[in-house]
Amino acid sequence: MSLSVDIAHPLAGFDLRVAFEAPGGITALFGQSGTGKTTVVNAVSGLLRPRSGRIVVEGETLFDAERRLHLPTHKRRLGYVFQEARLFPHLSVRQNLTYGLRFAPADAPGPSLDEVCDLLGIAPLLDRRPGGLSGGEKQRVAIGRALLSRPRMLLLDEPLAALDTARKQEILPYLETLRDQTDIPMLYVSHSVAEVARLATTVVVLEQGRVARTGPAERVLSDPAMVRQLGLREAGAVVPATVARHHDDGLTELSVSGGRLFLPAMDTAPGSPTRVRILAHDVIVARDAPTGLSALNILPATVLALRGGEGPGVIVQMQCGDDRLLARITRRSATALELAPGQQVYAVVKSVSVARTDVGAG
Amino acid sequence: MSLSVDIAHPLAGFDLRVAFEAPGGITALFGQSGTGKTTVVNAVSGLLRPRSGRIVVEGETLFDAERRLHLPTHKRRLGYVFQEARLFPHLSVRQNLTYGLRFAPADAPGPSLDEVCDLLGIAPLLDRRPGGLSGGEKQRVAIGRALLSRPRMLLLDEPLAALDTARKQEILPYLETLRDQTDIPMLYVSHSVAEVARLATTVVVLEQGRVARTGPAERVLSDPAMVRQLGLREAGAVVPATVARHHDDGLTELSVSGGRLFLPAMDTAPGSPTRVRILAHDVIVARDAPTGLSALNILPATVLALRGGEGPGVIVQMQCGDDRLLARITRRSATALELAPGQQVYAVVKSVSVARTDVGAG
Amino acid sequence: MTGWLGPEEWQAVALSLKVSLWAVALSLPFGIFIAYALARWEFRGKQVLNGLVHLPLILPPVVTGYLLLLTFGRRGALGGWLDETFGLVLAFRWTGAALAAAIMAFPLMVRAIRLAIEAVDPKLEEAAATLGAARLQVFATVTLPLILPGVIAGAVLAFAKAMGEFGATITFVSNIPGQTQTLPSAIYTFLQVPGAETAALRLVVVSVAVAMGALVASELLARRAIRRAAGA
Amino acid sequence: MTGWLGPEEWQAVALSLKVSLWAVALSLPFGIFIAYALARWEFRGKQVLNGLVHLPLILPPVVTGYLLLLTFGRRGALGGWLDETFGLVLAFRWTGAALAAAIMAFPLMVRAIRLAIEAVDPKLEEAAATLGAARLQVFATVTLPLILPGVIAGAVLAFAKAMGEFGATITFVSNIPGQTQTLPSAIYTFLQVPGAETAALRLVVVSVAVAMGALVASELLARRAIRRAAGA
Amino acid sequence: PARAADLTVFAAASLKTALDEVADRYSDRTGTRLRLSYAGSSALARQIQQGAPADLFFSANPGWMDVLEADGLLAPASRRDLLSNRLALIAGPGARTDLPRIAPGADLRGALGDGRLSMALVNAVPAGIYGKAALQSLGLWDQVADRLAQSDNVRAALRLVALGETPLGVVYATDAAAEPKVRVIGLFPPDSHPPIRYPVAIIAGADRPQARDFLAFLSGPQAGALFAAHGFTLTATETGPEAGE
């Protein structure tokens, strides 16, 4: 296990007791405001010394209350993007960015200043001081500072919250590349299910200082029981897929266990494994194979279960090849279509609705 | 015009020149990081004195460079939620919340402390100091502080960015109520199209210190030319509708000019006007009236235009009654369905895909 | 304890306390105001004002005392006017001793408070303004509480300085038991006489004890204020 | 200008500058260290240390000078040891004057720096630690630059105080022209002579000019440092 | 570090005017550089106790000389009471003109009006101590005991009178003579107070020929003339250790 956290830290009025294990990659911490996400990240960073427990990263014990071991923060070699930017006000943006470099081992690999500036669009800011930067600019510099410090571990506390969609779309693929091409473990706090789905290898859901649910991202995010935490719009399934081929009209064909899916061109080589997220909300259920529809992705499936809540909606869980899909439809439609477990149906997924942000390799 | 801004403020390396008018309600400032949103809000608040121009709110001139008029900030009676919380560290949460009350006219209307605490879920924090609060807790207290100061105008700079989905779902309806039941003008900065679509009466899109586009929300957000700013996933149409009736199975029926739509129960009285946002991404185009589909909303429409970009997608603009709908489909589907302007088609919209956040009254 | 110090010595202790407390109490508002002006405003003559405030630090105390004498003495430019207009006599009175102590301590007080003001984030003051607080209200409800540790530090520095002030005081208001014979004057007297070192020592101990008490109290107060300002 | 002041007076000016500069330069590292300890660490005897630092402010300068004489005089407990061990003689040398000035100015220096340290947001230091900076490196690259205005304020206060220090100096190292006769001592000497007030005044003017120059320079420096630290 | 030929003289600050002239004269004549360190007698004496590099000590306070002598810090047979002084009652610019003569029963209090009598510290500084003794022996002390303004040195007391802050003061005759802004009302009878002595001595260990030479010069006629010009009385008699009291 690459990241193993098992800590307890009681505070007045807030009792943190969190244990989880994660196999490298990106571990997403997910949960409502005030459930202890930042506290956990602080414990991993060494800024907080928990009352008891153990923290092990990549086989190295960073903290062990019983052995009175508490590796000081500066020896942990972290890139921590704080929830507030925490830029050094007396240094220029450039000096902020390169601050960590001088303390990093000379041979540690990592991106160059230019690469980071390009990625984050902060080249024009290099000679300014942080005081006059806009909120998003500050946050981007903070991300750059963490990336440039040649960290052995990345801690990202809502790094993209202050950024616009376009900028997010540029940074997310970079984080994916980091995840796939390095073995830097990352702890990623976010309120955005789309971000988590795209990036996370493992998801840890916190609720009032406790772990409510933890496991591989596709499992946790496809769990109908998670609908409440994720919000209705974000419920869905994450399905493993393989890139089959790239078509001339800009579509990429993926094969999943239940058939094939088309989505806008991916730059992944044919044969590569990938993951596709299919939101329950984006799936229409049809009794008969539909024709004359603009939706390209139509997969045969078998209804497994119908779960109704208090509202007018029903979650339909379907078996589709080896995978399970979710569809969120109205109770009225379920009745009209006479849906019942065991029934053969077609899941209609708009190709473009399998959107770019919801696809992650790996 | 309830809010009229026409200012210029050149800075080293950044030249702000912004003019727009908005008819009360919520005016959303939308744009990439560093385009001048916060600068505009600061000018309206009086914290920044622009080099030249005029700012008029509800007929009262707050700033007029020519007349050398610059109403001091504290006389403007604002509720400003800053991008960073800016809580008073020496005061308890309760004292922070009630800080503005003592300066407000005794008869100014506004919510009570209890109401605000309930809305924001901050009652357990009342006796704590801001230092130990989590990021989201701080932001909620800042929102509460602004609401409680009995403001004549609300300035909200990314107020919900740090909050989880569940909490947002609780605060958004409150802001809608404020918008509908009071005539407090609001200037609302957000990167979330869903928030903007739900709340905004007027949208002002900024680009590098200039107004790129401005107008009523439904117009700006339905504009295919806005796809780039909004992001592909967020393109869509905002369509006026009337609540027709509430069904027993938890669905509300709306009538739009092109037919009827079902969506999960709204608590708006039948006959009330409302707005529905239909994302291009959520619309499937069918040649023939489809049957046996879980989607309840099927509207007859006429293809007006097809706009292709570089990617594999096409935006189909359709006339549907008096309204225009957008659908985003693949070029391959467009070819397969032989879509062309003037052709009769059906727009298939999943009822639950007309989601709660995307509906706003007014 | 009364046996340990003679009545005249007790008088000196009491007088020193009175003089120092008044000196600090009366100069504190001015100190805060001037510190604020120096920290936050730009105006002509700012450097001159800054220099004037520091003058008592630079000048030998005797010179300060002499200048005070020239200004506030009975024959002094202001002294006569104050006497005629307000009936306020400073020469040879404890009030004069308080003035001397206040002026000698003023630079220390102003510096401490000014540093604290410079450390206050103007963004918080802006936030207060958006909530309807006028300038003075912002100062009273935000700035002042935030600089409290600095104000306390300034006041206690000034108090300590006032307790130890000797040169300017004796030059200005001389040494009159019960009026202007402060602790340092009494200590000085003992030190002039061969063999009176132990008598001087007793007074030194009292002086140190008083000032240390003030110091420790101020530390506790300031720590509480800092903890509050840190918001934890 | 040479005609304006006599050679002995120039000597006093030069000596005062030398003494004050050395006093400030040598005590600054200690001042920063002790200010840091008082601001950031909890340890036994913290209040005692704090008291000791403030002692020279509380004690009449004559007493401080006398204690210095007893400790660092040729016959003093430490004086003899320093002489034998390091060949360092303080008594009746300019080095002693520098020591006296440093000690008298120390509380002012420490207070200013301490206030500045207390105003530094520990979150920035934490951020530096996450980027790999060890404690001392954090101090050198984050804390120190951020407290620079406070350090400058402390140093200039100390310099001004050192330029004006008289009581402890004359008591400790006497008033030997060319050796220990600083500006204030020279002024004092003139004030002992009836009618020599104008001669004293000339020296006062020099003293004020020097200190004001330092003050204005420090203001400009500190303003730049503040502007940097504000990040604009 | 002093050149061998240099001499360091610790002298009471009240001697400055006269002693500077004497020193100049001596330097001109012999080429010996003199370093004169002026401060209060008590401070200087304490410094000598702590090994100050003084060759001679010229005190305004015999008491402190006694202390040094008792500590064995004086070169044997070098101490002499060189100068003497008188006490004067002086009036400043603000004083009345009908001032009483110094005599038992004089109405000092009336002369003060609502002002104060300026003196050096009456329990600590020699001028004050002598002044108190004089007033007591004339029976005038009780009139003024609660109307004093005491300063830390006699020049400061003189300054108060010169500035008109106090109408009257008791200072040395030498000081009164040097300050044109004050009038001398009268001198106290020499027998109304213990004799005012300025003892000088060579410090033990500094008993070099140069020091002896300067001591001799101080006692000689040239120096005497200069001292006299500043109002000092010369006590020609050399006093031995036994006459020190």
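The letters A, B, C, D and E name the chains in turn, as written, and every chain counts its residues from 1.
FYI, a contact is a pair of C-beta atoms (placed from the backbone, for glycine too) under 8 Å apart; a residue touches a chain by one contact, two chains touch by 3 or more.
In this text the structure is predicted, and so the values were computed from the model without any measurement.
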| item | value |
| --- | --- |
| Chains in simultaneous contact with chain A and chain B | none |
| Chains contacting each of chain D and chain E, listed by label | C |
| Chain whose Cα centroid lies at the greatest distance from that of chain C | A |
| Rounded Å distance, chain A centre to chain E centre (Cα mean) | 91 |
| Distance between chain centroids, defined by C-alpha means - chain B, chain D (Å) | 60 |
| Separation of chain C from chain D, taking each centre as the mean of its C-alpha atoms, in whole Å | 20 |
| Separation of mean Cα positions, chain E and chain C [Å, integer] | 36 |
| Multi-partner residues of chain E (at least 2 other chains) | none |
| Residues of chain D touching at least two other chains | 62, 66, 188, 191 |
| Junction residues of chain A, two or more chains touched | 84, 132 |
| Those chain pairs that satisfy the touch definition | A-B, A-D, B-C, C-D, C-E, D-E |
| Of chain C, residues touching chain E in the complex | 62, 66, 69-70, 73-75, 91-92, 170-171, 174-176, 185, 188-195 |
| For the chain C and chain D complex, residues of the former touching the latter | 47, 50-51, 54-55, 57-63, 66, 107-108, 111-112, 114-116, 118-119, 149-150, 153, 157, 160-161, 163-164, 166-167, 183-184, 187-188, 191, 200, 204, 207-208, 211-212, 215-216, 219, 226 |
| Residue ranges of chain E touching chain C (in the complex, touch as defined) | 40, 42, 45, 63-64, 66-67, 93-94, 116, 118, 121, 123-125, 148-152, 156, 159-160, 163-165 |
| In the complex, chain C residues that touch chain B | 123-124, 126-135, 137-138, 141-142, 145-146, 228-232 |
| Contacting residues of chain B [partner chain A, same complex] | 11, 13, 31-34, 37-38, 83-84, 124, 128, 132-137, 140, 157-158, 161-167, 169, 191, 193, 229-234, 247, 249-251, 262, 264-265, 281-282, 284-288, 290-296, 311-313, 316, 327-334, 337, 348, 350-353, 355-357 |
